[in-house]
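Below is a structure I'd like to ask you about.
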Amino acid sequence: MATVRLWTDDDVAADARCKAVFDDIRATRKSDFVNNFWRALANQPDLLEQTWARVKKVMIEPGTLDPLTKELIYIAVSTMNSCTYCTHSHTAAARAKGLTEEQYAEFLAVVSMAAHTNSLANALQIPVDNEFLA
Amino acid sequence: MATVRLWTDDDVAADARCKAVFDDIRATRKSDFVNNFWRALANQPDLLEQTWARVKKVMIEPGTLDPLTKELIYIAVSTMNSCTYCTHSHTAAARAKGLTEEQYAEFLAVVSMAAHTNSLANALQIPVDNEFLA
Amino acid sequence: MATVRLWTDDDVAADARCKAVFDDIRATRKSDFVNNFWRALANQPDLLEQTWARVKKVMIEPGTLDPLTKELIYIAVSTMNSCTYCTHSHTAAARAKGLTEEQYAEFLAVVSMAAHTNSLANALQIPVDNEFLA
Amino acid sequence: MATVRLWTDDDVAADARCKAVFDDIRATRKSDFVNNFWRALANQPDLLEQTWARVKKVMIEPGTLDPLTKELIYIAVSTMNSCTYCTHSHTAAARAKGLTEEQYAEFLAVVSMAAHTNSLANALQIPVDNEFLA
Amino acid sequence: MATVRLWTDDDVAADARCKAVFDDIRATRKSDFVNNFWRALANQPDLLEQTWARVKKVMIEPGTLDPLTKELIYIAVSTMNSCTYCTHSHTAAARAKGLTEEQYAEFLAVVSMAAHTNSLANALQIPVDNEFLA
Amino acid sequence: MATVRLWTDDDVAADARCKAVFDDIRATRKSDFVNNFWRALANQPDLLEQTWARVKKVMIEPGTLDPLTKELIYIAVSTMNSCTYCTHSHTAAARAKGLTEEQYAEFLAVVSMAAHTNSLANALQIPVDNEFLA
């Protein structure tokens, strides 16, 4: 249960700023489904507008990294932040963008390998090689 | 300064298990440079052998994710774990594998976007949509 | 479900050390409600006594930071530690101390802004300016 | 040492987008000093523009939380993310905004208290009270 | 609900690689119960084999640290990573290995003490004494 | 460089509350060396007194966990919090209490194993088995 009310479609319809964002989410994603993240942010219109504008630009507009790679980076960050919500939502998004079981297995192998070596490097306080600073 | 001694090439030459790993690192990477991470792990031969075997398999053997994507996932995890060593070493590795400034900028945009939304989802304790659990 | 038993009021009544702490929690807060955190700590009387004494001193005794500011700092830490329990309990506490929707929205904007810039500073390993060390 | 080049004032002067942001930072802060964070972000103009626009709005424009409270929340997040850069820069900012030693001591008491109880709540996996979810 | 299917015993029986691992888990632990962690990893046979081989070597083979100490270290890491699953499973494992209430109370006191001082050292950015680097 | 001044012995000698704590640290540890952590906390006498009283009770008074086990738990927490200061100081403390290279190697193996499985359990969002909740 969230610390804030999750806005229903009726709530959103009654608020012009929120309605504009929800309309754009639906149009951009070509889907009527709007997930709870946005229904929670609707309580804070400024944060809602800013966050959606940024998600749209970073995750949806074409760039030099392909959309699936971006989702994998997103899941990696969300996993390390122990963010249940974002781990679920972006794993679903990665699947919708074609993530195969083989790719997911490799992703998990990289994430767990990094977590393993990070803990060693931090425990041992290994100094960075000059070669990496050049 | 590390919590353990960093092994020199002379130290390594005098220890058969460590020498075998260092030889394989050099042969696999086609480079004489062996970074401090391995020189620190040399104090724990079992961990050295196991970690190198795993890094070789996960990061170097061909798979379905391309090598640059794997490095980006690695940097994302290392950044969230505040691991200075691994952030530097894998950013250098990503550059060696062709990371462009445009790709790096997009990577940073995704990481910081994820950190932003993770903090909101965790602060608001947003429940996962049933649609993501299907 | 906790890893330990949550003590009922009957359990507490039968243990003098726990009863003294629970009595003081109720008297200090002027409320009969004692939340699960203390019911879990009741299994470890030393930790119960020490933690309550500290919470009372730090969060309840008057100081130079106002009570609401202290709650916001508490929620910020709890969010970054992905602590579901403390995020919920201290958001409720902040509301009880008068947190408005506008203040909560600004709090969330600051937290997510900090998470955003933290991830960039850690990814880029930006050196601290001398001006900040003076 | 950063993973990217830190832009000098000469570098910035030669790039219209970066120059516009740096000019606005100087004008807004009424100071010629521009810290390394922005000199690192100058390599990614989109991120530079977006981040500065957001910092300006969230941290500088007047709102319902006072500027010092916002800095304390920022330091709390940065501390939990082990972000050396942001901890130093925002502690300096808090001091510039009038943070007293008494307030700093109370801030540290709250942060360490929260870290203490977060670790207990997470270790004990304490279920959230229904009272907090109402 | 997991992001992957949890394999039933029938699923496992139909896959030679997974069956070999599950058989070894049961034989090693002298118990028919196989917990969800392995049922989730069964989707990624390489990760399943590698992780089980490592867990068996690190956590089960005799060494110089006693089994209960290893479980306490495991819970400490899992708590700081906010890993609900591993906190529960390794607290149960520690109890099965004889953890007493007194030991658990002391463990919690150390973990929360460390979390407290970590947050202070990171907030204050205290430089490491030369004496610790010798 | 710390965000606060590190108190010299002369500074401490001029403040009765700080002097009492420093005297007790020296008497308890039977050593004239007082590390920077306490010299930083000296700026906040209440925090200094409370933290030392707790460290003395938790880490120094005899209990049911042996002193070396407590140090290993402390290092595990400090590593996961990326606390450079506490990782160094408590690794030094563990060595002073007799930590052998074999024990340290096993400790590192457990910590990195836990970090590995934590990341998998969090990425896969594996539900806790009922058997662990009983």
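Each chain carries a letter (A, B, C, D, E and F) given by its place in the written order, and its residues are counted from 1.
Simple rule for what comes next: a residue touches a chain if its C-beta (ideal position, glycine included) is under 8 Å from a C-beta of that chain, and two chains touch if they have at least 3 such contacts.
Owing to the predicted nature of the structure, the values given are computational and were not obtained by experimental measurement.
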Response to the item:
Co-neighbours of chain B and chain F resolve to A, C, D, E
Item to complete: Average the CA atoms of each chain to get its centre, and name the chain whose centre is farthest from that of chain F.
Response: A
Discussion item. Counting residue numbers used by both copies over all numbers at the interface, does the chain C-chain E contact come out same (over half shared) or different (under half)?
Written reply: different
Worksheet item: Counting a repeat as over half of the contact pairs in common, which of B-D, D-E or C-D repeats B-F?
Response: B-D
Worksheet item: What whole-number Å value describes the gap between the mean CA coordinates of chain A and chain E?
Response: 27
Worksheet entry | Distance from the mean Cα position of chain F to that of chain E, given in whole angstrom | 21
Item to complete: Note the residues in chain E that touch 2 or more other chains, in rising order.
Response: 1, 3-4, 47, 51, 54, 77, 79-84, 87-88, 91, 108-109, 111-120, 122-125, 133
Discussion item. Edges wherever two chains touch, nodes for the chains themselves; is that graph a line, a ring, a star, complete, or other here?
Written reply: complete
Worksheet item: Tell me, which parts of chain B touch chain A in their complex?
Response: 1-4, 6, 33, 35-37, 40-41, 47, 51, 54-55, 58-59, 63-65, 69-70, 72-74, 76-86, 88-92, 100, 102-103, 106-107, 109-111, 113-129, 131-133
Worksheet item: Which bits of chain A are touching chain D when the two form their complex?
Response: 1, 50, 54, 133
Discussion item. Looking at the complex, which residues from chain E come into contact with chain C?
Written reply: 82, 87-88, 91, 101, 104-105, 108-109, 112, 119
Worksheet item: Inside the complex, what are the residues of chain F that reach chain A?
Response: 75, 79-80, 82, 84, 87-88, 91, 108, 111-120, 122-125
Item to complete: Spell out the part of chain A that touches chain C in their complex, as residue ranges.
Response: 3-4, 43-44, 46-47, 51, 77, 81-83
